[in-house]
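A, B, C and D label the chains in the order they appear, each numbered from 1.
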Amino acid sequence: MIRVSVVGGSGFTGGELIRLLAYHPEVELVQVTSERLAGMPVSTAHPNLRHMSLSFTSAEQLAPVDCLFLCLPHGQHIARYTEFQGIAPKTIDLSADFRLNTPEAYDQWMNIDHPLGHELQNWVYGIPELNREALKLSPHATGAGCNATAVVLGLWPLAQAGVIGDLPVITEVKVGSSEAGAESQASSHHPIRSGCVRSFQPTGHRHTAEIEMILRPYGVTRVDLSATAIDMVRGILATSHVYLNQTLDWRDLMGIYRDCYQQEPFIRLIANRSGQYRVPEPKYLAGTNFCDLSIHWDARSNRVVVLSAIDNLMKGASGQAVQCFNLMHGLDETTGLTFPGLSPV
Amino acid sequence: MIRVSVVGGSGFTGGELIRLLAYHPEVELVQVTSERLAGMPVSTAHPNLRHMSLSFTSAEQLAPVDCLFLCLPHGQHIARYTEFQGIAPKTIDLSADFRLNTPEAYDQWMNIDHPLGHELQNWVYGIPELNREALKLSPHATGAGCNATAVVLGLWPLAQAGVIGDLPVITEVKVGSSEAGAESQASSHHPIRSGCVRSFQPTGHRHTAEIEMILRPYGVTRVDLSATAIDMVRGILATSHVYLNQTLDWRDLMGIYRDCYQQEPFIRLIANRSGQYRVPEPKYLAGTNFCDLSIHWDARSNRVVVLSAIDNLMKGASGQAVQCFNLMHGLDETTGLTFPGLSPV
Amino acid sequence: MIRVSVVGGSGFTGGELIRLLAYHPEVELVQVTSERLAGMPVSTAHPNLRHMSLSFTSAEQLAPVDCLFLCLPHGQHIARYTEFQGIAPKTIDLSADFRLNTPEAYDQWMNIDHPLGHELQNWVYGIPELNREALKLSPHATGAGCNATAVVLGLWPLAQAGVIGDLPVITEVKVGSSEAGAESQASSHHPIRSGCVRSFQPTGHRHTAEIEMILRPYGVTRVDLSATAIDMVRGILATSHVYLNQTLDWRDLMGIYRDCYQQEPFIRLIANRSGQYRVPEPKYLAGTNFCDLSIHWDARSNRVVVLSAIDNLMKGASGQAVQCFNLMHGLDETTGLTFPGLSPV
Amino acid sequence: MIRVSVVGGSGFTGGELIRLLAYHPEVELVQVTSERLAGMPVSTAHPNLRHMSLSFTSAEQLAPVDCLFLCLPHGQHIARYTEFQGIAPKTIDLSADFRLNTPEAYDQWMNIDHPLGHELQNWVYGIPELNREALKLSPHATGAGCNATAVVLGLWPLAQAGVIGDLPVITEVKVGSSEAGAESQASSHHPIRSGCVRSFQPTGHRHTAEIEMILRPYGVTRVDLSATAIDMVRGILATSHVYLNQTLDWRDLMGIYRDCYQQEPFIRLIANRSGQYRVPEPKYLAGTNFCDLSIHWDARSNRVVVLSAIDNLMKGASGQAVQCFNLMHGLDETTGLTFPGLSPV
């Protein structure tokens, strides 16, 4: 059994990690920390885990383990970097602290003068479909942004195939309220947040930095992203508009996606052209590690609309972190991630 | 024009009052107070009123008017009683501060030693269907609790007719999130409150005090109320179970309700026994002052199930307050309250 | 009083028209037709109108009136054109039958060989902000598509100002379930439609034809539209991405919008840069005829993101039809359309 | 491996069974039938199962297996009784066809003259917490009604302890839209069903028959049940009001529940009196086989309010059927039923 602990376990990604790791057949979940809830059962924060006897502990009491998951608010890992270094030979950080690969990007997109810029190259960007081999070898993985994961997985095959034209890609993500975290805010007050369709980031979304970090090396000029909060708790649907640099039809495009993703256990390409379920829908992905994709070609504009859906807390955070963990420990990539989702839901 | 001001206008009942009074054809809305937002446009708190130029003022700047509406948190009217006495000859208080008619009731249900117990008899309980004539004559009206309004209007004809048996009445209210007010709380955080079916008051709900204050004089033994929060912003549906003291069938019961309510402009009895819309549904009442009612007789148990639905911020608060205002000023009771609600919605 | 009737009153736009016309101070609502529900009260289809005594009649029994509103399914007005010609001197058609201005457009976008192509020029496209003077003079107005209305009102000032560049405009509309009409379908079954984020028209949406009909004369190359159904009943939020042909900042752009819309009673420009309510949100527009707009400038891409929100059944259909009606009859444009919407909701 | 097939696999309970059985470690899922979708992949009906290659078959092609699950509409098992008899030595029927134990009950509650009344005693009512030993020995189990399961599990300890008084028990169930099945109906049209709080069965609910069948032998006089449809897809919350025949306080009552349920793997008693999560909430049970319970004592009325929540498709249908299956085949009762549910959700 691989011994693991979770730092920062009272939030949403922490809760998902506890759920996944407690039921993971190759894992012993040793400790889960929360300074605020130390001594209390994990179900104080995560009511789905009512039957579990595990309690939160303080980070000061962390015992050595094989792998440490960090679910701290952005900035805290940087601030407490040395504190966690001796705990475990392998670390997986779900925050944004080591996601970007240059200090300049932190400066530009997050307005941060990153004090550990020299460490950035040591953290593998944790999307296995992009970096599988690197993850197998690395002691350090960094989680990818949830919106970035949805967008990048949607565009990756086109970028790899070199068919994206010079025009900027425009992507609109529809997101749920869990993306903003477990802390209550004025904007998350139910009478205000319920039923809302609120564009909270029409321009300037930070995940753009990650998306362009990945795609620019493949010739993508720019990705212009807008984000709209809708009445949903979990889930992301990204609608990406790509103008091609050559004439391709739907079959050509599906060929590109199939070539790229046919071996991927967590990517499902939707090719149905009849029936009810012809597009990715985030609700059917709740609790799963799948990314569902469909592509729609518009002859009029030589444009492809790519739809990609994930559960932001799973493939967009904790599920993908466990997928990375499996790779980093030589396990089958799907171990502990087999829940297929519910329907109806 | 009747000049009115609203004290405490940044909350939900305050917002509804502004909306109603600003469009009321016989009213000049003079001032709306909020200490926190003084100087800001009312649309800072109420985005539906974006086109209005009115701004909040401080309560210290209140000018004399004909009628003052108080939308303060419970307890503040008691604490600041003299402050508001010189402002207007007529006052309508939407809080619970003067709802119960004896200091003993405040002691029992709210754990309050009411310092103005001698004043309680001067405030008319503001449900016009019960107290129309008293309201016409009184300078002081107190709002009724939203849940109490729904339950009392549902049971009133049976109580009047003396047909309720000795067994306790059980009523279960399903309520929306606006009932808890405009302040964000941990329990109102969208990821937690969305989709919830949470029994927040299975026993001991304070509105029981009002309901029994009204119904006990008519021989009702006790009302046992439970309240469940559901994923809804506005609206109440009360399901009340009444065991009769005599054998009556549906037609008899409908006769009792028709006799009681046939002249009421805001009570709609639903008698449809076919079609889609045979029961009261709160969503069709959003923004209206209606109370919709239907009754369902169970021969097996000689029980009648009474369904009553209202908009908690309208007939349960601000709409009913304007209805009282109309009566207190000799206006047609429906003035300014004619919005019929939306469908679909 | 202006005497009006509504043909096809059992659907959603018909229901809204009944609500608006029954409370319109200058209108006598004479008849409302439904073949399926002839003889039944209008509340059979529209539960919000439970207190009204009006019943549906058959179209065969239509009496002459001053103005006729047609809310028939697409294609039926074409098929029954002569049937309605003698009923009223003025007609307002809410269907798509006379929206496009050339037979070629019907052929291209709707796959229809329009048999009354010579009549198309006689129908004024019913967006008053674009065609106010023409509407005042015309006996025939055609409703605009709901999504087209949202998108066009968002882009109109930029098009007028000639600042839209050569790149295609991309717009993503988030829409509610009422857009698909009152007939139940497999895809509208609640367990499936609830919580959904379903891209029902990633490419090829018919409203594109209207949008381009309006904007191409102003140099807009193309509008690429995608539409996503979300868990909402009423409402549209359009997110439009426009690349400019010159460098303008937010103030410049706001100037363009203010110049264009400052006299418009139903356009609200949102300029707040602090506070909770900085963007258009469809939920606050339910039941109103407002179109709320905000603009967001991205220096990085010289792109403006325009957000426009409406109630699809009001400004997107029946409300706008009444606005046209008011103009066509010399009334104040806002008559009968003053409901300001609810908050919270 | 135990070989099983599912008859009637295109509906909601069928879909859940496929999901559970396909991932059940001791089961080989051989066939799933649907006459309408024969030949199509199961994901045509169940989009969560997109990655599965299994296709529907016709019931005519059923091969012999060890256990047959029947998910047919009510009445079809009766009509096709002999058709299924040779397929498998063990059968689990999820319909209501063999739930009640006397023909008289079918006559009274379902208005059916049951042609196989003599068979009724051969079917064990499939709530393991009540009938565990009988299920271990029986080749035939019948699913329990979803609402009945929630109510019965909530009241069972009190009934066993003999503390329920003579007054009728009143229970109000709040239910989601999946309870009505996969077929689209006028009442399930999203614009109508969304946001609804609709009392669809204020009196006369058929599940009353099951509840009283179980509880009357323990001295319960009558259970008066009302059911309200709310805006939820999965889940039931039952609020049951019980007047006691002796004075007991909360600790006494918790003792009764703990004695009854302490060994039960799927019953979670909630005893928290602080924190956010003090009551059962159906949303945290989606996809799980848990029944969460809490009890609330009202000294004023010597009444206990029992709250019980389940997922209607899991503990209320397919999950409980698999629990029965495990018992009938000598497996650990929780096999294949360990998904703990999600939070937030």
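Points to keep in mind about this one:
Keep in mind that, in the parts below, a residue touches a chain if its C-beta (ideal position, glycine included) is under 8 Å from a C-beta of that chain, and two chains touch if they have at least 3 such contacts.
Predicted model, so just to flag it, every value in this text is computed and none were measured.
Chains that touch both chain A and chain C: B, D. Across the two interfaces under comparison, C-D and B-D, the one joined by more C-beta contacts turns out to be B-D.
The chain with its CA mean position farthest from that of chain D is C. Measuring from the averaged C-alpha position of chain B to that of chain C gives a distance of 36 Å. With each centre defined as the average position of its C-alpha atoms, the distance from chain C to chain D rounds to 46 Å.
Between the CA-based centres of chain B and chain D the separation comes to 38 Å, rounded to the whole angstrom. Among all residues of chain D, those that touch two or more other chains are 12, 178, 182, 186, 191, 195, 231, 233, 276, 281, 344-345. Across the interface of their complex, chain C is touched by residues 12, 15-16, 19, 22-23, 43-44, 46-52, 178, 182, 233-234, 268, 270, 275-277, 281, 284, 286-288, 290, 292, 313, 338-345 of chain B. Against chain C, the residues of chain A that register as touching in their complex are 167-168, 170, 172, 174, 186-187, 191-192, 195-200, 202-204, 222, 224, 226, 228, 230-232, 235, 237, 239, 241, 243, 276, 279, 281-283, 296-298, 300-301, 303, 305, 307, 309, 344-345. Residue ranges of chain A in contact with chain B, taken from their complex: 12, 176-178, 182-186, 188-191, 193-195, 231, 233.
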